[in-house]
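In this document, chain identifiers A, B, C and D correspond to the written order of the chains, with residue numbering beginning at 1 in each.
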Amino acid sequence: MKKIDLNCDMGESFGAWIMGMDGEVIPYVTSANIACGYHAGDAHVMYKTVKLAKDHGVGVGAHPGYPDLVGFGRRNMDCTPEEVRDYVAYQIGAMKAFCAIHGVPLQHVKPHGSLYNMSVGNEPLIRAIVEAIAGVDKSVIYLALGGAQEPLVTKIAREAGIRVAFEAFPDRAYTPEGKLAPRSLPGAVIKDPKVAAERALRMAKEGKIITTEGSVLEMQIDTICVHGDNPSAVELVKNIRSAIEGEGIAVEPMGKFIK
Amino acid sequence: MKKIDLNCDMGESFGAWIMGMDGEVIPYVTSANIACGYHAGDAHVMYKTVKLAKDHGVGVGAHPGYPDLVGFGRRNMDCTPEEVRDYVAYQIGAMKAFCAIHGVPLQHVKPHGSLYNMSVGNEPLIRAIVEAIAGVDKSVIYLALGGAQEPLVTKIAREAGIRVAFEAFPDRAYTPEGKLAPRSLPGAVIKDPKVAAERALRMAKEGKIITTEGSVLEMQIDTICVHGDNPSAVELVKNIRSAIEGEGIAVEPMGKFIK
Amino acid sequence: MKKIDLNCDMGESFGAWIMGMDGEVIPYVTSANIACGYHAGDAHVMYKTVKLAKDHGVGVGAHPGYPDLVGFGRRNMDCTPEEVRDYVAYQIGAMKAFCAIHGVPLQHVKPHGSLYNMSVGNEPLIRAIVEAIAGVDKSVIYLALGGAQEPLVTKIAREAGIRVAFEAFPDRAYTPEGKLAPRSLPGAVIKDPKVAAERALRMAKEGKIITTEGSVLEMQIDTICVHGDNPSAVELVKNIRSAIEGEGIAVEPMGKFIK
Amino acid sequence: MKKIDLNCDMGESFGAWIMGMDGEVIPYVTSANIACGYHAGDAHVMYKTVKLAKDHGVGVGAHPGYPDLVGFGRRNMDCTPEEVRDYVAYQIGAMKAFCAIHGVPLQHVKPHGSLYNMSVGNEPLIRAIVEAIAGVDKSVIYLALGGAQEPLVTKIAREAGIRVAFEAFPDRAYTPEGKLAPRSLPGAVIKDPKVAAERALRMAKEGKIITTEGSVLEMQIDTICVHGDNPSAVELVKNIRSAIEGEGIAVEPMGKFIK
């Protein structure tokens, strides 16, 4: 039976500020990327969000970002690979504390925002992230962007002895080379929920994406990235999940099937 | 053979700012209380300081503080026990990441500054700290102030299934009740290195302290807190260690003998 | 003609996090207490919020707090008067920069959260706040809690050569001594919007408050503190304003009538 | 009589961390670039450093940086011009508060670290910085790198109605085009104090720099940037000043002679 994971950013509240509809979206996803306090999240939000994930049988992931709270980790920062390694290790460790408290394993690590974007296809940064994950806990999966960088990421992760999972974005346009179309291009973000749902289904069922030039891209897709920012996003996740399950595909946390 | 530990705050540099003479004092101590990024320390400083401790066979401790960088964690903050639990858990987890990277266990947790002071004899805060330690890793020792609060701390720690070690300060005056004399009182801080060295030796040898009123206080002393802020502090640590060893007492990391 | 001001906290968003309904409530208030980046707000939020206030003819106030972003400045912190003076001065200066850019004067300074609460009746903290205001700009009004502390605050402010305005809270219970009833007491916060509106009207019209014991308290009330956190709070402000104006009382920024 | 200014970074301590030998170097310089709390400095350090500058008749400058405390503002950050404008305005305002308290004018603004480097020759960033300065206080001088970007900076500053001063670095190599040689090149930083002193003298006396290719570069040099990080740096500043004064050139704060 074919399997797919649905991952979603969570735990992005900070102190008195609330962000995201974690409680509404969590019944429909299988993996949570939880902020670790550098770009969003705080110790108490982490405590609560790990518990929320546990209560719903959702895999807990660390979502480390740059130390840029006011910029939400979305601005490129010229950090050295050593800085990235230590920032990622620190945040993984902090998340593992709350996993221990709630008695669940840390399932995966997915870099956030600019750290994610800057690391795509960037060997020194991929090595830094992998070194952090492997150094802290070899059972933890590295969640990375699928497509063009797959061979590079796979090689580095395997050498370090960790597993890797690849994700795709149903609401983002892809180039024929298997890269995300830059957000500055028109059409880079797909706003029609029907189109996004169709793309998600094709990703889950066939591992295929229609590119910006109409060609068909095939890639390894272990998990599909969805969002829980607002009511219509939550509705879209619900629709994506039921469409995928309607095709007889199992929606499960990646930790259960990634090898 | 009698055993004692010497613990010292370390890893208090932050970014471009250097603090403490970690490299100079580390040959003479057996346990390091390493800052975790809330009041001092950063991810890279933690990486380096855990390695330094490992290279010298020194036990690694987490030294969690309040989230008050500009105040160095020295100002009382009215945090709830839940906040304290989560802040301590977060910082322990972050430190454990660097322990894992360097292949050493986390030996102990010693709260820093105002978190330490506010927790003395304060049952809700002691419970919050113990809950964090026990929740994250039951093999880790809670390092607390010896004296008046010993029965309370011991009871709470035992119930939670963790070990506790008690420390004494050779450079601080004690009341006959077994409490630290408030720093605002004249003579609360002992500045004469000879007197401090004598007090340290009596602590290690006999578990005894001469109080502010001249009486003799007996308490459990597993580890003596020393400092590495400046050259004369380092010199004092060196003298304390050789005096203690001269009496045939073994100076060892607390993890080796605390039960 | 009798005059009153309505003041409201604003500019409490931070980076990607939105807080408050500033755009909805601003048509009904006359003074804005704008966060300055220590406990909430950031440089860009300040830029936008000062412009919003200017566009509505609302008096701009600095709303300085403790340096405790994750705690939203709501936790007591044991800062020295010198620290408070410098924190307040820093935040006033930052706010004045955006006032200069938008060509409006800084009208007032109202401490936020725990800094506000800790300063009530506390001479060293009142002096520290007044010293900061008077040191930076003697034309700026100090906005303080009315009631029991009025003579003390007035004396300190006058000696320093600055004006002071006193405020009252229609949604808070007062003791017969003219102090806010502690939030821990039942009934300390008045949740019925009708009752709050009636209290606001009595404050504006007669300068009177019914206390927790039913007695009538008379005090100087220059401005009434209202909230814009949610739709019903905004509705309440609208009702309060129209009720006050219905009595022939002018609702104006305090800077226009405080002497 | 020819005039020159000597400017030096100061006020870079933060909380419990000390940086720089401000008290030792200040007798020899005429302008201080004082950190404003984003990358270094805090409210109390600013209070003390403005006072120190005043006591020595040294011109007070704001030294705004990126909001990157752990990176000391030295890492490139991909901020928008609007973000830069607001960050600079905020920090200028905060510094002006302490100038007001101590009764001295804010003389100049010099961006710090990566904000300085990224702005060189970068029209949108120069415009953002100039907009902040002109918006907050048109009497304040913009201190920028002399050489290749001089016409661009001058044009933008004049249009905004503010003055500009240009600086040169005696310890940095220059290309024949009038740019700083990148630090990654060998010889980019001149370590021999005698050579640095000679270069400083030629800058002050003739406005000339010997480039990496041996050619002579002429540029407007209003102020020479010196350092107070360590005893030998302080010694160098002392030597530079006495050499310049020995040639009959007046060493004065730039505010006294920049038009």
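Please note the rule applied: a residue touches a chain if its C-beta (ideal position, glycine included) is under 8 Å from a C-beta of that chain, and two chains touch if they have at least 3 such contacts.
Since we're looking at a predicted model, the values are computed, not measured.
A.B. asks: In terms of C-beta pairs in contact, which of C-D and B-C ranks higher?
C.D. replies: C-D
A.B. asks: With touch defined as above, tell me whether chain A and chain B contact each other through largely the same residue numbers, more than half shared, or through different ones.
C.D. replies: same
A.B. asks: What is the distance in Å between the mean C-alpha positions of chain B and chain C?
C.D. replies: 43
A.B. asks: Could you grab the centroid distance between chain C and chain D? Build each centroid from C-alpha atoms only and quote it in angstrom.
C.D. replies: Computed value for the inter-centroid distance: 39 Å.
A.B. asks: If I count partner chains per residue in chain C, which residues reach a count of at least 2?
C.D. replies: 70-71
A.B. asks: So in the complex, the part of chain C that touches chain A is made up of which residues?
C.D. replies: 13-19, 40, 42, 69-72, 74
A.B. asks: Going by the contact rule at the top, pick out the chain C residues touching chain D in the complex.
C.D. replies: That would be residues 37, 43-44, 46-47, 82-83, 85-87, 89-98, 100-101, 132, 135-137 of chain C.
A.B. asks: Could you please specify the touching residues of chain C with respect to chain B in the complex?
C.D. replies: 67-68, 70-71, 75-79, 114
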